[in-house]
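Every chain is named by a letter (A, B, C and D) in the order it is written, and numbering of its residues begins at 1.
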Amino acid sequence: MPIQEKCRILEHQKVGPHHYKLTLVSQYISSHAQPGQFVNVKCSESFDPLLRRPISFHRINTQHRTFELLYEVVGRGSELLTKYFVGEELDILGPLGTGFNIDPEKRIHILVGGGMGIAPLLALGEQIQNSKVKSQNALYVLIGANNKEHIFGEEEFRKVTDQVQVATDDGSYGKKGFVSDLLLNFIETELRTHNSELATIYACGPRPMLKAVAEIAQQKKIDCQISMEERMACGIGACKGCATKTAGGYRTVCKHGPVLDAKEIIWN
Amino acid sequence: MPIQEKCRILEHQKVGPHHYKLTLVSQYISSHAQPGQFVNVKCSESFDPLLRRPISFHRINTQHRTFELLYEVVGRGSELLTKYFVGEELDILGPLGTGFNIDPEKRIHILVGGGMGIAPLLALGEQIQNSKVKSQNALYVLIGANNKEHIFGEEEFRKVTDQVQVATDDGSYGKKGFVSDLLLNFIETELRTHNSELATIYACGPRPMLKAVAEIAQQKKIDCQISMEERMACGIGACKGCATKTAGGYRTVCKHGPVLDAKEIIWN
Amino acid sequence: MELAGIKMKNPVMVASGTFGFGKDFADYIDLNKLGAIVTKSVTLKPREGNPPPRIVETPSGMLNSIGLQNKGIEHFLKKQLPFLAKFDTPTIVNIAGESVEDYAELARILSQETTVKGIEVNISCPNVKKGGMSFGCDAGLTKQVIAAVRKATTQPIIAKLTPNVADITLPAKAAAEGGADALSLINTIVGMSIDIETGGSRLGSLTGGLSGPAIRPIAVRLVYEAARAVKIPVIGIGGIMSGSDAVEFFHAGAKAVQVGTANFVDTSAAINVIKEIEEYVHRHPRAFNFS
Amino acid sequence: MELAGIKMKNPVMVASGTFGFGKDFADYIDLNKLGAIVTKSVTLKPREGNPPPRIVETPSGMLNSIGLQNKGIEHFLKKQLPFLAKFDTPTIVNIAGESVEDYAELARILSQETTVKGIEVNISCPNVKKGGMSFGCDAGLTKQVIAAVRKATTQPIIAKLTPNVADITLPAKAAAEGGADALSLINTIVGMSIDIETGGSRLGSLTGGLSGPAIRPIAVRLVYEAARAVKIPVIGIGGIMSGSDAVEFFHAGAKAVQVGTANFVDTSAAINVIKEIEEYVHRHPRAFNFS
């Protein structure tokens, strides 16, 4: 059950050209959050901007009763967020939505993140590695971005697995190309020796990338869970504002999602 | 001629329960400002609140190229102003309006301030004392407020004159009563020995106080200049939004005022 | 207090479409504290709603083009009403149709339901092609729809008016003549937002309905005008974010208010409005007569 | 570019009533850079305007009830026009009347003035008791006023429309039929704000006109509708704060824009809008055809 709570800011750091990491304190939210879920953040006291902003759990630290958000400044809401200081409180609604589903039958976990899309994947990667069946799991992380400056979380991912591959569109770091190219290559080389039925792809990133990933997954018959984005108003399933088209009709990204089965999603 | 300029914040201090002093840097504005004039301050980057907020020059320091504002938090604009830090810039329009007119023929200057109304009077007091005819001038300052906590500037006024009287509505400091009572008493006692034609009253404060002061001045036939307030949009005379009724018809508080001859003002 | 024959603990309801069917908000607030719950619009048959995006934020407001997505009256009665019936807060069902007969039929179906305490007739939805606002823009049709609903039910009827008219007093009077027990206004104002990179609408539909604090001055004016045109009570809606905003509507002549978009900004918005009104009434005991 | 026969350097004008008669802004910006200057409304006789307060801020907007304070056409011609005539920027005179004959008379007087490049006919002021918006709300009267002005002058005529109508295409078409060379919209939307301590209006008048970013989505929609209803060019107005806002109106079908309330927030608002449009056009060379 989600709550609305004022959460104290424990840390707030600039981690990239327009990127910030925010650590918030909440016993309740940190102990209930699941990777892939998100919070809806009030970014200002003013009516402009009016609505909350959805941000995924980047890291969930039950022990310290904290959770981390990784966000990029893309507009006024995120810009205003940068003005909050350590010690101040943010009005948070969460944990919201349906997160990733870690199927205990699966053994091969492939995390595919584009740009800020890596944000929810770190929490997921950490959870997979903290699970009891850790030793039986293989965790692969594929991350992509426009350029080197926009690659985040590589270091943290390397702490949970040594199977991390990086691509940049401009080749300034890692392989040159899209993260979906990394995925295809990975499936056709390393995964060939494995049973692909034991694998799941978890993807988050810009829509074109997600579409490419979903197509590869379908073609290669690999389960695929995708974290979607849609403009939101309430964030709690009440307004039907965040509808996205699925095989079963319109579904709310905020409640039914944000993580959806790739097979369900209707891309256009 | 006024300008629109981003002025750096040199100091920003809390000086009372909801009161702040802001020191801004501007060669141009500080060297053109006159006591009684004001600046129109942009308090946020958001559209809510939308309009600038008018604030009087509290102190003008040509030498240091700075000016000071003294403001009270009464709503969202002033609240947002408190969030600006030393080193940041504020978007300022000024110097605006018509300030106090220090008639060189006058010898007795009576400054009457109620609450935040003392804000423009300090700049005026300092100018009167800095003028060449200083030795021939007598400067009296009468300040009033609800209670002790809301008396500001006494110390600074005492640096320019030892003739400072204070009243509070609740008697928690100085005389118990209104500042208009102080004024009446002052006129009927100390001023009796002087030629009242040589005197001018300069008043700023809440409307009921100003009305009382204007009535006393008229009754005692003493010149009186009053700094008025009205809701403003442009602050530069273009919109006619800040009209106040005068004997000559509606006049703009932002351009024709804020300082008006008490005789001109139609109070209701 | 009582409004249009509906007994309420306080004059604060939640507005249709901004509170779902209550369940989503029950995690956050005590639904028993609300004056009334107005459901999302229910239609005869399920409606899948409009293509996304359905939400655009605008200065101090938002545009929505939900398009009355809902699972239809049958599903409502079976799956959603029982939940609402558990609370000691009247349920007002908001109905929307594509024809006069739709509205009458919906009212007829609901007239059997004792847990339904009132019907709000949405003749003002700007986000559907057929019906919706076109009824509310025409005083003749307004009267016709309300009269048809009146014939179909003895339950209290609230006519929800659209602001997209030149003179609100005409539909207001028409609704009263048709037999409405109260009016509620305003529904959203038709607006549009264009993506400057594509040149097309930022919504999946061409236009959407504007709500939120941006529209409050318009809503207060329309409530003021409507309240003076009719004898039945008027419910004020539009950009209410706080108790003082609600009080503004009371001064304008509203007997009750609905909180809409504010629910998205703060799940406790309606509860806070209730508290703040109480404080106001405490400070100004003679300001209003809520009864 | 040319709009309705008026030659302009760019499609950005300043809106009537938000820029005085130019002088107040000449301290801050180079008036030569503007597409055109639309004057504050001028009436036949001096008008003292409405009682204060005349301004209330609202969420992302403001209400005004200036009430057309101005010193009349004679004073304008003698004292204000000569200043404007010094600039290489067309002056468009906005006129307001209480009767059809007032408008015709104003147009006749102005028709002699070669430094006047166009007339904007304000049939949409919500802040006066007589005339004003009542003309713009009625398609028949709209046509009558514009036709009378048309007869009185050969200068380009811009009909300034009110948003306070149910269907903007009716006055839009009526103005075109009456002989307008262009339409401008929107004027302010009637709104109200109540002081909860006194229970009365926060303005000296009961109602005021709402402007600013809050109304932009409504303005864009109305411009979109009007632009599709007539063949003459439409000038978009309403909450334009930046170049992108202006571009939104161009995509909606406007051929030019006016910057209003933004001038109060930033004296360089119109200049910035011009710059930002240039940058947009540079990035999207084929987006619009300004000619």
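Following the convention adopted for this analysis, contacts are C-beta pairs under 8 Å (C-beta built on N, C-alpha and C of every residue); 3 or more make two chains touch, one makes a residue touch a chain.
The structure presented is a predicted model; accordingly, all values stated were derived computationally and were not measured.
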Touching chain A and also chain C, the following chains:
B, D
Looking only at C-beta pairs that count as contacts, which pair of chains has more of them, A-D or B-D?
B-D
When centres are defined as mean Cα positions, the distance from chain A to chain D in whole Å is 48
Inter-centroid spacing, chain D versus chain C (mean Cα positions, whole Å)
34
Per the centroid of Cα atoms for each chain, what is the distance between chain A and chain B, given in Å?
55
Touching two or more other chains, which residues of chain C qualify?
59-61, 212-214
Give me the residues of chain B that touch two or more other chains.
47-49
What graph shape do the protein chains here make by touch: line, ring, star, complete or other?
complete
What residues on chain A touch chain D, complex-wise?
47-48
Touching chain D in the complex: which residues of chain B?
1-4, 42, 47-52, 91, 93, 230-245, 249-250, 255
Where on chain C does chain D make contact in their complex?
58-61, 63, 137, 164-166, 189-194, 196, 199, 207-208, 210, 212-218, 220-221, 224, 239, 244, 247-248, 251-252, 280, 287
In the complex with chain A, residue positions of chain D that touch it
59-60, 213
Chain B residues touching chain A - in the complex, by the definition given at the top:
44, 46-49, 76, 83
